[in-house]
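In order of appearance the chains are A, B, C, D, E and F, and numbering begins at 1 in each one.
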Amino acid sequence: MENQVIELAYALDTFYFLVMGAFVMWMAAGFAMLEAGLVRSKSTVEILTKNIALYSIASVMYMLCGYNIMYSGTESTWMPLAFDMLTSADNSAADVIASGGDTYYSGLSDFFFQVVFVATAMSIVSGAVAERMKLWSFLLFAVVMCGFIYPVQGFWKWGGGFLDAAGFADFAGSGVVHLCGATAALAGVILLGARKGRYTASGKAVAMPGANMPLATLGTFILWLGWFGFNGGSELVVSNVAEANAVAMVFVNTNAAAAGGVIAALLTAKILFGKADLSMTLNGALAGLVAITAEPLAPTPGLATIIGAIGGILVVFSIITFDKLKLDDPVGAMSVHGVVGLWGLIAVVLSNTDASLSSQLFGAVVIFGWTFVTSIIAWSIIKMVIGIRVSEEDEMNGVDIAECGMEAYPEFVRK
Amino acid sequence: MENQVIELAYALDTFYFLVMGAFVMWMAAGFAMLEAGLVRSKSTVEILTKNIALYSIASVMYMLCGYNIMYSGTESTWMPLAFDMLTSADNSAADVIASGGDTYYSGLSDFFFQVVFVATAMSIVSGAVAERMKLWSFLLFAVVMCGFIYPVQGFWKWGGGFLDAAGFADFAGSGVVHLCGATAALAGVILLGARKGRYTASGKAVAMPGANMPLATLGTFILWLGWFGFNGGSELVVSNVAEANAVAMVFVNTNAAAAGGVIAALLTAKILFGKADLSMTLNGALAGLVAITAEPLAPTPGLATIIGAIGGILVVFSIITFDKLKLDDPVGAMSVHGVVGLWGLIAVVLSNTDASLSSQLFGAVVIFGWTFVTSIIAWSIIKMVIGIRVSEEDEMNGVDIAECGMEAYPEFVRK
Amino acid sequence: MENQVIELAYALDTFYFLVMGAFVMWMAAGFAMLEAGLVRSKSTVEILTKNIALYSIASVMYMLCGYNIMYSGTESTWMPLAFDMLTSADNSAADVIASGGDTYYSGLSDFFFQVVFVATAMSIVSGAVAERMKLWSFLLFAVVMCGFIYPVQGFWKWGGGFLDAAGFADFAGSGVVHLCGATAALAGVILLGARKGRYTASGKAVAMPGANMPLATLGTFILWLGWFGFNGGSELVVSNVAEANAVAMVFVNTNAAAAGGVIAALLTAKILFGKADLSMTLNGALAGLVAITAEPLAPTPGLATIIGAIGGILVVFSIITFDKLKLDDPVGAMSVHGVVGLWGLIAVVLSNTDASLSSQLFGAVVIFGWTFVTSIIAWSIIKMVIGIRVSEEDEMNGVDIAECGMEAYPEFVRK
Amino acid sequence: MKLVTAIIKPFKLDDVREALSEIGVSGITATEVKGFGRQKGHTELYRGAEYVVDFLPKIKLEIAIDDSLVETLLDSITKAANTGKIGDGKIFVSDLSQVIRIRTGETGATAL
Amino acid sequence: MKLVTAIIKPFKLDDVREALSEIGVSGITATEVKGFGRQKGHTELYRGAEYVVDFLPKIKLEIAIDDSLVETLLDSITKAANTGKIGDGKIFVSDLSQVIRIRTGETGATAL
Amino acid sequence: MKLVTAIIKPFKLDDVREALSEIGVSGITATEVKGFGRQKGHTELYRGAEYVVDFLPKIKLEIAIDDSLVETLLDSITKAANTGKIGDGKIFVSDLSQVIRIRTGETGATAL
């Protein structure tokens, strides 16, 4: 009887993990739609191809080595050694029962949940370098990012490495996932340069409106839904009253922060530009979500709303600032995931009394430093060997024709 | 041991609630896509903005006061008093165990489930007033609707108020959510008037075809999926055989009613217009879903199909009738949610022997009366203070440029 | 206490079944978007109408007779007799407890899960015959397919019929669902002929690019997500350690196979055509998913990736081959679901030691033979009575105007 | 015969078409065009960056017509398309040396 | 030199282009246009409401050509674009006083 | 007055517009067109099947201008639109017998 209860709890936690993981997988579609909506139509097929391919590469690379790097639990806290995931069996019922419930979910369900996270980090990159980066160079970087760069810093925090030991708090990954992805993107954008015509000779930013705003909105809603899995699943367990309450709290706060981000970004854009800028509002939703990701459990829903709202304000100013710096980011990924990711890490101290500002900043610096340096190296090598930027003519005609030989909307006349 | 089982049941019910709530949240995307598909392209960005903003406003207002109004459980059955949700803690494990399982889910999970419902009600309004209502006036109304109008009538039924006491039966909200939303929409449409050019001088309706039918279809499918959460979650508990069977029955009947609505609307449109009108068929699906929402548990799947099918027939005639009355509703929201919502309330008596026609009609009248009067007042005040309708020129050029300074499909040439 | 645990397990399994079923229902949206993206814009409304209508017909027909044919469990293993699903009650708590947990989910949840499967099979057909088949003829075929052709062969395997007895292994339906759907499509395509202008007089295939690649990509992601329900739910039970592990394994393998399919198809297309063909890549994802569907539990994730990758390679060559045979399939459904479905059945023997190549081929031949013969008969009768192909003029102007009197994108200028 | 080409504001299309019907014009060919003129475009903001819209949407109408009717036609268009605001558009008139109706092969004025 | 402007039914584009290739026409400029003429539009229903489609899709072809080839060209178009049904379209011919090839600066007939 | 019609490569539009502004041209009407000429289209592959793109995207500019300015205008367009590669396009010049400004009713050169 008691054993049955333990098994049942294990089953519930595993099922919860899988459902939450499926929600996170759905975020891949969200990024694909968001980015497809925010680029120009001549770069749409290529960004779709990048998105579905990067998700696939993430799945394979994380299986081949990423997961083992990140969760090997070895002696060294700096660099993991084991590469055994594919052979090791899942928990047996006997082991689970013997653990008295301490082993509470399937190892494979954990793998599933983790694999969709690395895909999220990589999805962040694709948007920032859109419309001008070579497809195959990007996919090559995805191999390195998903197989090495991301898992190593992931290990430092979630694998029980030195960041975790240093008291760095990052519940679902404002830092480990979002800041990391944004940093890799930043490195790419610096080496890549802006889209042709994006800034005038005198330095003014020239708008390049996204071709399909309904798609971008759909992508945002998908991400919002997926984020319930992203944050909600990161509680890792649901099978008792306290944990169930915690998961519920995470759901409520995740929703509240996104709502706060929407409202704040909408108002900020209205005040700054005099118009209700939908693309900023969408970024505001995502900013709210990123902001709460580092600590969606401890704040009250009211505080969560405020944390999200600050994210929503920040993202608008950040996007303008990156433009001033001529760092061209078609979808605002560096602002949403990087700048607001940092804000999320800092905001942890508002509600989580175990976290300190210094350890949060330390974590942010480590993640940024590691990811930036390794990414710059990786991008540079790729650049030297096969180049990272398409030719000017290909860019002008659109990467879709050049790289994919296909148009996104072949029948529609375009301006 | 026994305690563990109670905790586990609590966890399962809470998790079920959260997953169902996430499905309902997804309906926000469904409304956004449906409406974005059914308006003209020049009003698309604005309707998207309204949809994501109204969802956010609903989330915040319901947290600030709506939930407390609706579920305060105070002495008065007419108007609630307490405003304590943000401070009150969730159920402790001790309390849950002490209750012997009578407290069976997290209070926060309930909040989450409820918050997405109010957003649904508000989403209904946005479609009906699309293409001509000012963005900010609409959002102001959303504040009133989500913070006050909806919760009060919600309290009368689901909060244990006088409608509940009067034997009014409304399982998941054909009345409380759908009729309420449609009534608020009707009040708005009356004050707002039809889109310019929608009716000729001689009173004929002029078609204004939706710009993107795949989006509208996607929205319908999203809503269909979300409705499993909407109705399925409204059983509130799943953790024993009887309840699990009940939830399964609700899923089956919800699906059956939607299917019935599709087939009936498709055939009705074919007979009336000689063509397979997709937009009517989509409305038929939604009509089937709305029709079954008041009682998705008691009917057999066969009866559910018929209830949905009648909804599907009704919706076609209703849309034509509203056009005769020159009540312009670009997406058919008043027909789908209002007329068919009423049908849903009546259809309860076909299978639920506890319900009487008189109490159902009483409930419908109360919800309609309350919502209509308060909405007319709210819309009127907004109209007097800042106006509710965009200028003729803005309407002609499209509200997208005027209100959001953005086009939905900036690159595509339009007719 | 013990009873409560049994009830709880029943509730968890039922809930799991319902959630997985909802994911599968979502695949209907996936097919609709995929097909709407891959046809020309002038045939988009009609394919959307077909998709939502076929899902509804599947729901109704399976309720009326399909489920009973498939799962009647009668004496005869060739043809079922009972037609009692609508009247029979669900499992009572007493029965469940008496069974000691052997009755572990709601009968209605099973019905729900099954009903979405038949819709999937039918969805496969719509894509292959798109752009030229009459709407109402197609829907008539849907009645026959969902009410008779599919359930009979489903009964042979999953209802405990002779294919099951013969050792034919098909976990989630590479054969029963995908090969069956593709075979019905093949029969239709043969009788229907290619789209006008699809092949030149000299036999060369002329490309007819899909009108909306983001939609096609969205559809693929939806299907990918839905497939976690399709395969994950086919384990049928999750409520103990071994089963929870199994479901987790199925999720991981399903994801791995799809990823393998994407990468393989992308590379294959690149090598063959010199471009990163997105439409082939999307077909690659689906091919990976179909390939693993017959056995998503037994392989290691590495093997699953390879099985999916082989599917991804196969699908590219298959599409080219069907074109050589002038069998026109606008979305590649016969390749994805038919050819790769067969590969999936064969691939079972790579990891499932209970399966033999001969029994797998036997099953494939039986499913193909039954479905092809009955489908040819059904299509032929429909062809004789009301015709299956629209007039040349209607095809040229697009079936949307002819059949639905509506354009998918009425405002956008087309080339 | 003359070819009269009018550039008008898009929302005036219906008015102009009706005015032309009234004076018996039986054929019009319309094209979506973009016009650059005295009516200056505007600078939009998108995500805080500028977005200059130089070319404004216009409709070009082409009407082949018998010489005798040209004046009436010009009058009619000028009136129907006029809003008095900048950007109302232009009318150009040029000569046609021949007109053929494809369906019948008729030529000249009877082909109109 | 002449400018020959033909309004044809969209699905006739390929036929006409082939016919023109045969007689050696080496340049064509095509535009999507909407035509209003004797071929009446139709009234569609959308959600039970009327929807008048006045302007039908047509293709406008413009071909600059040497005077000597005009007759052949007109013949060729008339034949290739003819379906015999109302709405087949029109051909307009007007004079060109100059033609320049941008790439080379050539002018006159050699620029064609 | 003359009507100058230029077919140019789409990405040259901005350059040409700026060049025309410099020489004081105050009005342009632009149309999306598809051109068939010496610059051959290409054969694309889609799902392994061929896909011939015959007609290439071009922009057609129409400028009504006073006779005295035609030469400057032609020069300016020819320079600004030139890439030296095949497909740069053509310029056609024809006579306009009348020009009207709809807003004011002005005619002739003052209407330009």
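Going forward, a contact is a pair of C-beta atoms (placed from the backbone, for glycine too) under 8 Å apart; a residue touches a chain by one contact, two chains touch by 3 or more.
This is a predicted model, so every value here is computed, not measured.
K.L.:
In contact with chain A and with chain F at once: which chains are those? Just list them.
P.N.:
Touches both chain A and chain F: C, D.
K.L.:
Indicate the lowest number of steps between chain A and chain E, counting one step per move to a touching chain.
P.N.:
Each step joins two touching chains, and the minimum needed here is 2.
K.L.:
I'd like the angle of the rotation relating chain B and chain C after CA superposition, in degrees, nearest 5.
P.N.:
120
K.L.:
Sort out for me whether C-E or A-D is joined by the greater number of C-beta contact pairs.
P.N.:
A-D
K.L.:
Where the centres are mean C-alpha positions, what is the separation of chain B from chain D, in Å?
P.N.:
47
K.L.:
Could you state the distance in Å from the CA-based centre of chain E to that of chain F?
P.N.:
Computed from C-alpha means, the inter-chain centre distance equals 18 Å.
K.L.:
Whole-Å distance, chain A centre to chain B centre, using C-alpha means?
P.N.:
32
K.L.:
Listing for chain A: what residues touch at least two other chains?
P.N.:
Each of 1, 5, 8, 12, 19, 209, 212, 218, 273-275, 277, 279, 405-406, 409, 412-415 in chain A touches at least two other chains.
K.L.:
At least two other chains touched by the same residue of chain E: list those residues.
P.N.:
31-32, 34, 44-46, 94-95
K.L.:
Quick one: which chain pairs are touching?
P.N.:
Result of the pairwise touch check is A-B, A-C, A-D, A-F, B-C, B-D, B-E, C-E, C-F, D-E, D-F, E-F.
K.L.:
If we count contacts the way the header does, which residues on chain F are in touch with chain A in the complex?
P.N.:
Of all residues in chain F, those touching chain A are 11, 32, 44-46.
K.L.:
Which residues of chain F touch chain D in their complex?
P.N.:
Per the stated touch rule, the residues are 3, 17, 26-32, 64, 94-103, 105, 111-112.
K.L.:
Chain F touches which residues of chain D in the complex?
P.N.:
Chain D residues touching chain F: 2, 6-8, 31-38, 54-55, 58, 60, 74, 77-78, 81-95.
K.L.:
Quick one: in the complex, what on chain B touches chain D?
P.N.:
Within the complex, chain B contacts chain D at residues 396, 405-406, 413-415.
K.L.:
Would you mind writing out the residues of chain F in touch with chain C in their complex?
P.N.:
Within the complex, chain F touches chain C at residues 34, 44-51.
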